[in-house]
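Encoded as structure tokens, the structure appears first; notes follow it.
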């Protein structure tokens, strides 16, 4: 059951991702990104990582993609197809990506090809919460500094110069 | 002012040498060493000794040096300070050689003499022939000196000492002995201008004549003879070396005499004759007998007198006429004026030539006969070497007589105009031969120059009797006949106004051009090759490294396109490449 | 399950410095934001002093605890010793000292009248302190989560700083750095995910333990994962071939920010890599060390060669800093913390000085060409002598003994680890590096200049450059202080 | 005693710093005077340290041979100590250094490069002096390396700033080539030192000499090769000599004098001080090759001189040949050869120093060092300088009775009778070749004299500025001439220093 | 469920992201590609977490951290992109080449004006 769910979600994720990186319409790409991220969230769910899936949907779909769309608007991104969106390097890029995929895939198959996952539904929100506040206190605190710094940095960059 | 000081010093020093010789005469032989330092059991230092040989040579050096210094007072007008200083330095160096008991001290004197010789030959450095002659003289003797130095190593290391008086042939293995003496012989050959290093001495003649008299006739070139005499025990113990020496001497004496027969300049004739006479001394030494040594030293002494005299006479000709070339001189001679204008020179030169030619009664006759006699005795003892020496000395005696007479006649006696073959004329212009030079102001040299001539002329006669007359009448008769045999053709040719000079003799057997082609030209090529190699090979690599650096640097600048996606691509490619490489290396 | 979080006193002590820096960052931001009434100069000065005070506090703290060993945020491990997120030990103390000194230097270079006037002061110092806080965490981190987050805390604020002037050049430089950095983060995280998969832990010590004795298939994945992690750091410290963003960003950023990137950001990257290599993923004899060694060789060669023909001062320093990183990677590849920290110390001090000098000149000669420095030894002898000294230290020749001995230590580390080939490459690079710096020195000495450089140098700049020069001189006479940092 | 050694190390350095601290406006004469006083004090100090004859430490590991030792830890983390001391191989070199620097400063009282900036020049000379004396007295490998490097940048500046004013690009290139090649060499040498450290665990030369790194293969051999190559660049041995002709030819007079007189000796000194005692077995392995390259250097240097048209280049190339002799002497590993090398070190310093002074004087007077442009017949135009040049040439070609002879003679003697561990036949062949090299040496010096001093004066009239030997030249050159003669007639003066072994 | 499924999916997503980063020009699309790569990371982490089942939820925790990190990155990244747009009028990553080294003479000209 979970396997089938995972396979479906994974297929959707792959297809959507391919469209994200190949679409000539930039806004379409952003929207397909939503689909891809959602599908990945589905994968998380299939692996019984419900908390992560939830966060994925909240943060990615709810925040990041919205930000991206805003940014597209602000940069006056055209909605019509833009043939120059993908540069002439794309065959080369594809070759590299394919090589990388081949390498990694082979390695992964050799290493984990016989392993089975048996996800247990174990209230992962609580597990994650406990882990964060019991074990991963330091990274969590540092992460807060990171968010603050990124926020202030983004604000500072967005401010107009005083002379303007 | 400075020049005067040096003049006084020069003469004074020479007199001091004479005085020392006088004081040491008959004194007990002595030795002492000083400034020693030792390396690995070998003592490196200086030592002197006095014995009969020392005294003899000191006397010769002192007397000839004094004569030359005094003579130079009148002879030399250009740059006298350096000249007198160098002559004094030369005398000191020769004295060092003579008194040295340490091979290194000897070497110092030996090479300083060479340096002085070089500097004095180049005294007239404005002249091209003087410059090249000086360089040639130094280089050829230097080449010999390298062998000499190696010979010192072989003997010194072999014997464990560099003291001459401690070198004992009995303690040396025959290999060491032969190698060492042969190497020393190389140095001797170079210094004494023997075959095959003979060509520098004739070319050294552009130097001032008194220098030729002192260095290139009486003393320095004879230092080789002295050296072998000094180390006679060692040389006599090595049959190989003696054989080589005999062959070298025989070849040289004939070779040089033949060259002298065709030379057309007084000093050049004398130079070749010096080579030839030195070879006679070596021939005496090569016999390996004490008779031979005695004969050689005797000839050394007489030769110093008469050859010094002859060079000084040639100097007078140069000083008074400006040239010693036959073609120039004979214009003055045509009416016999030279004889009358320069009576003292004529007389003393005649004495000198007679001594050189071995005319009975003169010193050269006696000394040469001693050599012949020693060789004869040695030959009778069954030595082939003795025969070789004997025959070649006898032949040389005849040839010597020939060129002496030729020189005497062509310089001082009337010769017909336009006599002689092609090339016998000044600038190859036969008409110049007809010019009548102004001889009205021609007169003999000042007495300051003439008095040494007279002194040496007397010596050239008297020295023959200094050793006591014990003449072997047979030998004397034979050599006298040989002298006559040599003199007659010279006279007959002269009387016919002919001066045939075979090309091979005139070119001195082509040795000089051959050496030039064999050594100087390749050296020059190699030099250019080395420079080109440095520039185009080693330097090219260095430059190429620099240029590669620059090019690569430019390349990196160009790769910096400013396109961030190129950067990203390069990075990802880098990751893949490292992964693949590591995988390949790992598996 | 369910117990509340308990932080021990040791935890607080260990985290005191990063915490202070973070709190200081916020304080600086607040002061700047809510004290509008003061003049720009006063506000700027107060901000500078406050920032400086926070960093100084950190330094004093580090100095006071330099010999301690404080594991923090620990939990008992399933097997082996306790797993900790942060460890304060002598190596950490040395790295923190270097980072804090670097930060202090940048603060000095950003004093009033030195900092470009269109940069917002409060935000600038806030970002600086945040980055510094992240850098200190990174240098002490012992688990991969903290490492990666710490690294981001260093990186993101510094990119913001690059663009803080909000002009064309700044934004372009920031974009390049940002894109490369994000890619590297992604690659590194991907590697971390595999490391986690293979070993089941994020703690470096545990990973190190479990890496030994893997079966070959897993080992291959572990190697690739370690490679990805190292590559991620290679991006940050701009090791070749992950370096290309650096010259553009250095040129695009204001000089003070460039100094920050060259000093703090780079040191943080090196510190992180050092932590990883020495305590975790690349044990002695690992192939990954060879990879780092190869990176070192390539990096120093390319960096120095590319610097050889540069005509702009900042670009030359940028490329030469790539070369210097190559030299840093060499002892790092053999896990010699002492040599790395010593090298870093000398590098930080003289790089600050060099950028300070360049900043002074650049303010009056915006072209920034090497030829602008012509004849400075006569017209501005003090500045020229200081700059020459810095360059000579970078080249590693007397009188710059600090540089010489740090290079020496690097050589020693490499030779001791039997990496002969790397030592030869380093020797050749000493030569190329010298050629790079001598070109500049020659310009300084060349006389007469047609248009000699002469200005009134701002007194904070004078103070900063003199301080750097004096420190470098002290380090030159007593090089053991550098090497004592990490022992 | 050790206070004096520390004093002559520190004094020039501090004095140089003080000189830079003085305003640039102080006169050239004042700066030169200051330099003369300082270097004179150093000379005096080094002479106080001089007199003893205990042999040298590297040869007999007997610590009584060391004097004025100071040994304090410096960088414990790296195992580096500040250990200085002198023995009788370093002392003559130190005195030579002090003497040449002193003479250079004196010379600068009147004669300075046209570019001026004498103050900096003097200061740099003092720094070089400190570095060189430091190298000669260092008893720690790292300290040796450090002092070895100290001289690089000052020398680079001397060539780059005060070099040939007609050829800025050329002098820049020459200076850069010099500094880069040397720095590469010394970096390789450092690698060798580190290998030694890895084997022996110490950088201390005294301890290493007492307990050398044995073995002629593997790591010790690699260390020996690296050290030898590093030092050979400095010597310079063929084919690493390529930096030398340019550097000498383009350097100012005082730069050339110090470069040839002092800096080249660092390499040969290093070989004797470090290579032989610390890596004895490995040195035996490489010695024949070293000897071979040295002999090639002798021949190649001499041949190159034969084709030179620039007087300074010619003298520079002659250094290649002479240093080849020194290298040959060292590689014989025999008492005579080593002493010969040491003696030749000093003699070459004195004689080539004199030659470069003379070449500089000739160059200054004619504004060129090209033989063809200078013309011939110097005897007529500058008789005293011409005579001195001839003297120096004779001394340099190894005329017995002058200083140049003994070193080369002992080297050849060493090659005749090399250490028992070495292939004798090889060395005999090399000896003969080197002997022929002496003839070539004579040939090019005579060619120089012939093309420069001699000639028809009518073709080369005197120039208006041609002033013969000035007083300052006389004063500065006289000691060199006197030493050349003194060492020539009394070699024991130095040979005694190295013990009767 | 075989572990290899999520792992292969992660590899695919990662490589698609790499392709996007290398091939796309618009800086915002680059950012989107980065998100794909980070998602691949998360997928890996969650899968390994499910495989390991160590009870500590380490992988999931890190995945959450990564998501947060991605948010921070994209926030700052978009700010930089917008700044670039303000300056250049476009957001093409490969067209921002002001900082590339100009020819030395041109630069001198630029400095003079």
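For clarity, chains are labelled A, B, C, D and E in written order, and residue numbers in each chain start from 1.
We adopt the following convention: a contact is a pair of C-beta atoms (placed from the backbone, for glycine too) under 8 Å apart; a residue touches a chain by one contact, two chains touch by 3 or more.
What you are looking at is a predicted structure, and each value in this text was computed from that prediction instead of being measured.
Shared contacts of subunit A and subunit D, meaning chains that touch the two of them, come down to B, C. The minimum number of touch steps separating subunit C from subunit E is 1.
When you average the Cα atoms of each chain and compare centres, the chain farthest from subunit A turns out to be B.
Inter-chain contacts peak for the pair A-E, counting C-beta pairs in contact. At the centre of the protein atoms shown, by the Cα-centroid criterion, sits D. Distance from the subunit D centre to the subunit E centre is 61 Å, each centre being the mean of its Cα atoms.
Subunit B and subunit C have CA centres that are 78 Å apart. Separation between the centroids of subunit A and subunit C, computed from CA atoms only, is 30 Å.
Subunit E has its Cα centroid 10 Å from the Cα centroid of subunit A. In subunit E, the residues touching two or more other chains are 7, 14, 17-18, 21-22, 25, 31, 47, 51, 58, 61, 65, 69, 72-73, 76, 79-81, 83, 93-94, 96-101.
Within subunit B, the positions touching two or more other chains are listed as 557, 560, 562, 564-566, 568-569, 572-573, 575, 579, 583.
Annotation for subunit A: residues touching 2 or more other chains are 87, 89, 92-93, 96, 100, 103-104, 108, 112, 130, 135-136, 139, 143, 146, 150, 153-155, 157.
In summary, the structure contains touching chain pairs A-B, A-C, A-E, B-C, B-D, B-E, C-D, C-E. Against subunit D, in their complex, subunit C makes its touches with residues 338, 342, 378, 381, 385, 392, 397-399, 401, 404-405, 408-409, 411-412, 415-416, 420, 423-424, 426-428, 430-431, 434-435, 438, 441-442, 445, 447, 479-480, 483-484, 487.
Across the complex, subunit C is touched by residues 7, 10, 14, 17, 21, 27, 30-31, 34, 37-38, 40-41, 44-45, 47-48, 51-52, 54, 58-59, 61-62, 65-66, 69, 72-73, 76-77, 79-81, 83-84, 86-88, 93, 96-101, 104, 107-108, 110-111 of subunit E. Interface residues of subunit C facing subunit E in the complex, by the touch rule stated above, are 144-145, 148-149, 152, 156, 159-160, 163, 166-176, 178-179, 182-183, 185-187, 189-190, 192-194, 196-197, 200-202, 247-249, 251-252, 310-312, 315, 365-369.
Only residues 18, 21-22, 25, 93-94, 96-101 of subunit E touch subunit B when the two sit together in their complex. By the touch criterion given at the top, residues 565, 569, 572-573, 575-576, 579-580, 583 of subunit B touch subunit A in their complex.
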